[in-house]
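There are two complexes below, and they share chain A, which is joined by chain B in the first and by chain C in the second.
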Partner chain A sequence: MNDHLQIKSEIRDGIPILELDYGPNTMFRAQVADLLAEKLVSEYRAGRPSHSVVCVLNIKANTAGSPLVRAIFELYNVVSADSGTLYCSGYPSNYMESLTSLGLPALPGFKLTKTLDEAVAFAQQAQATEDNSGKSQ
Partner chain B sequence: MSSPSSTERVPWSATGALVCLAFTALMPFGGARAMQTNGPGQTVSAYLAGIKQAARKPNDWPAKIFAAQGLASLGSSALSAVPDLSSLLSDRVPQVRQASANAIGQICANFKGDDSAGRDAVVSLLGRANDRPEVRDASAAAILRIGPRATPVLISMLRTEPDDQLRQFSAELLNATPQIPLSLAKDLAAFFKDKISAVRSNAAGAATRSVEGCIDDPANCAKLLPTIRGIEAALAAVPDLHANANSVKATVYYVELVAANAEGGWIVSFFRSQGLNAAILSFLTFVALIVTAVSAVNYKRAYHREKREKIALDEKIAEISSVSVAVEKNAIARSVLKRFVTMPQSDERPAFTIDSAFASASDVSGDFYNWFNRTDGSTCVYLVDVEGSGIDAAIQATHAAKILDRTLTGGDIQKAEALLEKADSVISKELRQANIALTMNLVEIYPNRVRLANAGMPAPLLFRRDQAQPQALQAAGVYVGGGYRRFPVEPRYAQASVSEGDLLVLVSDGVVEALDANSGIFGRSGIEAVVARQRDDAPGEIANAILAAASAHAQNAPPADDQTVVVVRFGVMSSAEVGARPVVTINLDESEAEFTLTNTINSAEAFHTQLQGQIRGWVERVEGYSSGVIWCAVWELLKNAVVHGSKRGEVISLKLRITKNKLEVEIEQPAEWRGWDVFLGDDRRERLAPPAEIRQESLDDHFGTAALLRLADTVTASMLGRRLTLVFAQQVDSKQHKVAI
Partner chain C sequence: MIEKLVGRFSLADVLSQLAPGFVALIALRVLFGAGVPDTVGLGFSPGSLSLALTTLVGAYSIGLFLLEWVSFGTRLFFSLRMKHLALNANPLIIRRHQLWDWLGWTMLALLHGMPLPRMRRSFVEAQVMMSEFNENTSHTFESSRFCSPWDRLELFRKLVSRACLKGADEVLTCAADIHARLLFVLSLSLVFALAAIAGAVQFAVAAVREHRVDVQMILLIATAAAGSLMMRAVAARYWEMELMLVCSLAERRRI
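Coming up: the complex of A and B.
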């Protein structure tokens, strides 16, 4: 399947993880950015623990482009609105310039990581920090 | 034939006979005995002596009568006594004159004496023209008994006699003469214009009878023809003799006929057996009747033929006119309908592939279908069946198609049933006069679901992968244009989730209702059977197979109604379809790389796998350019060209060109892009210019063009947005966008 689209959500060690996979042709669908954004946001909202301020987006696809960037941007807006941080792993390296050209990696509350484990580790660290700061308050 | 016959002259003969009988009864002396005892010569002399004796005794008229009768009884042997008898014609006693005339007639019958004697006798008899009727009749009878030898005298009398009554009497006698030689009859022509009517008519009658008489000698008919025609001409010249002229003309025809039939043959024999006059009359009547009948028949035939020809001509004109109109309509319908025939060849969008087949009941169709894409990424497909078939239905379909094209694609109405309501309202309003009503359905197609509204069409069938039985998508509604909006029927819509490999089949009623010899319909089961066999084939092949099966079901009879099948396959194209299309051709040299790309459903995958390596490698040969930046820019250009700038099967041209200190990327797509100046203009470029912080409002949700502006040094559009050119300046450090991860 070269244009399938699949989003899975899970909670690993208290960290909500969204796993995104799609075929190359998905990037050439019309309005695919809206579709991706809707799905990502809805999955995030549906699966995140109430106290969570982080989200990990793991991209398994090997193509990307502006639609994916926009979808990530929408998710970032939701996560950051809760003062959270979005960790993105697995972004296709051959399409990294699409992401960087639009300045997303430079935004606060957005982090790029090479691997999912790395992203989860960063997220756990951030969540723990948040949890601790919450207890101290 | 108005002249009196000889039998009509009997009264004077009878009178004469009675007189004779009376005289015989009264005879007291022995004259008769003397005749019996003496020879004829002595008897004539005796009678003559008796006449002479009586002449000396003026009152002894019985003796004269007795002598005349006695001479008459002697016949031609008493010819020598004719002069004395002629002298008695002027006796003062009428009976004597009558007896004398009678005696002359009997003596001179078949007269063979010299002409002068006969002429004198006739002249004497003619002298009784003004006598008492019985004497006059007796004289006439005597002349007629004299026969043909009297004719020249009679004609001579007509010519020379100043006494009108005598001339009239002569003419009457001529007319009563049974046989006048034609050589003499022609002389009668001189009297056809006589001052005396009776002379004219009797002369004409005599001539006519003479002409008629010549028919008895058919062998001479041809010789006599000039004379007859002369008489005919003379008669024809006198208005009151036309009857005679026509009689003679009839004779002329007869003579001509006889002349033509040299041997006489059966016709002459027939006429002779029937009697000449009656035969000629019958013949002429017969000919006239035949001619009249034939003419009448011919006229009637000609009339009816002309009438038929006129009707046929009118019908032909009407037909030609009708055909002309039909041809014109047909041409119009064809030209308009062409897009319905050619447009839906197939379409391959990332979420589905669509194709169709149709068979029309005539040369044009009242069925059509179309689709349109919406801004939310969904596609609407609608199938329409205009009532009826043929050119009228096709023309109505043309009107309806224009309205639907305008109505459905504009505005922001999303739901299928709401679209049909709008179509119903507009069509009923704009085509009220045409009274058009449509059955149609409309399917919204999303990546993972479909939503249907239906106005009287057969329920679309959704064949799910790995499921044998299809799901009928049941939605209901009355005709579009006939009250779909005003009379809502439940269920108003139907929807179902779809996934890759599912098939949606839409058909018009002409497919479902195709009948076999036993009036069994093709039905849903016929469609299911085809899909069960061929579900992995391309949608177009499935659609054609359904129509072929419907045709086979109907024993290959021409469709009774228009038949349309639309098949939508959700998901990707089959591998066979993909392999059949050249996606990428590459032509590389030192300074320029050229790629010809075909828009297909798997373009992204092909570009990703085939172009990325080629372009990146070609760019990396030269320092100062980021292959990643170039590739990402190319990728965005390709995405826009595939999604917005071209249709499936159309070609996209991509060129990379390296010149001094710069690298140009040029892409050319078939479709215009009129928004290029908005998204690539200076204002937006300034808002997006690095290293300024990116804000979402600056991106305007158009991340693709934003990425191009951020990746390339300059972005320009030409050819109304069909061509975009990106320029990348050579950099010492080309990794300006690189972000540490």
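Coming up: the complex of A and C.
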């Protein structure tokens, strides 16, 4: 099967990480945007620690398209609704131009990183800052 | 036959292309020292009639040329602007521009720079929605790669008209009317910007060669630059209005 769709969620050092993988044909499937968005949001809600204000999305697939952008945008809406930040790593570089032309990377609370480790490091920093400001208040 | 020919052009089309053409012709005359054309003395002699016709055709041709220039320049500006915004927010991931890119960008911003709506969620949502709709309707993949927000809206406006919606015609006619005004304002803004740049070059040359400062020229440059900037602000409002109008159709369709 070329169009398998896999979403794994894990918590690393208190940071919720969603790992997304799919085959090259997935982007051509009908209604895939809704399916992807629904799965990402439900995985995030189910695995998110209560105090967390960050989320890391790691994309392992080599292709992207409007359905993926829509799904990321829906996840961003949920994360940013709690004043959180979504870190997105591994977005296929060949498709970066279309992502920038849609304006998603320019939104506040959305950050792109090259690798998963980089994303986790940034997320940990942001979470620590948030925890410290919470304590001081 | 003439009726058919005339029927192809609406009055708004003709005016929106003629007016910037006329302004460009007048700007050329003023900048190259011929002064403002005197039309009072023109009678109905064959010579003056042919001059008037030549001017009319010339102005219309220049207007058409300006229209194409404006469309291309604004498209390029929007595309680079989105890239810059993404670069500013994510400096580690997106490729930095080379020096030549920055020079091109400066030129583009001088001639076509226009305030974009702030990067709010609703603006990005509209972009994502239009992109999805355009790709689904045109059966293309990854069209966002070669589309700027300018193209995306234009394509969406054309494609959404295929959907049979009650009351859509009125909205689309209104959007087309606003689009015509937007192009008209942008064409005029381009003429003013070009006049300001040409005036600044003339001023600099005169200041260096003849060591004289032409106050009249400074006023002309300032007026042209201010006019161009004001028109871009107006154009930005028109573009936002067009975006809202056209996207309202998609909301009703619940894409």
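One rule holds in what follows: the second predicted complex is superposed on the first by the 136 of 137 C-alpha atoms of A that agree within 3 Å, B and C clash if a C-alpha of one lies under 4 Å from a C-alpha of the other, contacts with A are read in each partner's own complex, and residues count from 1 in each chain.
Following the convention adopted for this analysis, a contact is a pair of C-beta atoms (placed from the backbone, for glycine too) under 8 Å apart; a residue touches a chain by one contact, two chains touch by 3 or more.
Computed from a predicted model, the values in this text were never measured in an experiment.
Visitor: Answer with first, second, both or neither: which of chain B and chain C does A:S52 touch in the superposed model?
Guide: Neither chain B nor chain C is touched by A:S52.
Visitor: Between chain B and chain C, pick out the one touching the greater number of residues of chain A.
Guide: B
Visitor: Quick check on the superposed pair: does A:P24 touch chain B, chain C, both, or neither? Answer first, second, both or neither.
Guide: first
Visitor: Given the touch rule stated above, what does A:H4 touch, chain B (first), chain C (second), both, or neither?
Guide: The first partner, chain B, only.
Visitor: Determine, under the contact definition given at the top, whether A:L35 touches first (chain B), second (chain C), both, or neither.
Guide: A:L35 sits against chain B, while chain C stays out of touch.
Visitor: Which residues form the common part of the chain A surface touched by chain B and by chain C?
Guide: In chain A, positions 27-28, 33, 65-67, 69-70, 73, 77, 95-98, 100-107, 112-114 sit in both the chain B and chain C interfaces.
Visitor: Mind pulling up the chain C residues that touch chain A in the complex?
Guide: 79, 82-83, 85-86, 88-90, 92-94, 119, 121, 123-125, 127-128, 131-132, 135, 141-142, 144-145, 147-149, 152
Visitor: Contact residues on chain A for chain B in the complex?
Guide: 1-5, 23-35, 62-63, 65-67, 69-70, 73, 77, 94-98, 100-107, 112-114
Visitor: Name, in rising order, each residue of chain B that touches chain A in their complex.
Guide: 349-351, 373, 375-377, 447, 500, 571-572, 601-605, 608-609, 612, 616, 626, 628-629, 631-633, 635-636, 638-639, 642-644, 690, 693-694, 696, 699, 701, 703-704, 706-707, 710-711, 737-739, 741
Visitor: Would you pull the chain A residues touching chain C in the complex into a rising list?
Guide: 27-28, 33, 64-67, 69-70, 73, 77, 80, 95-108, 110-114, 118
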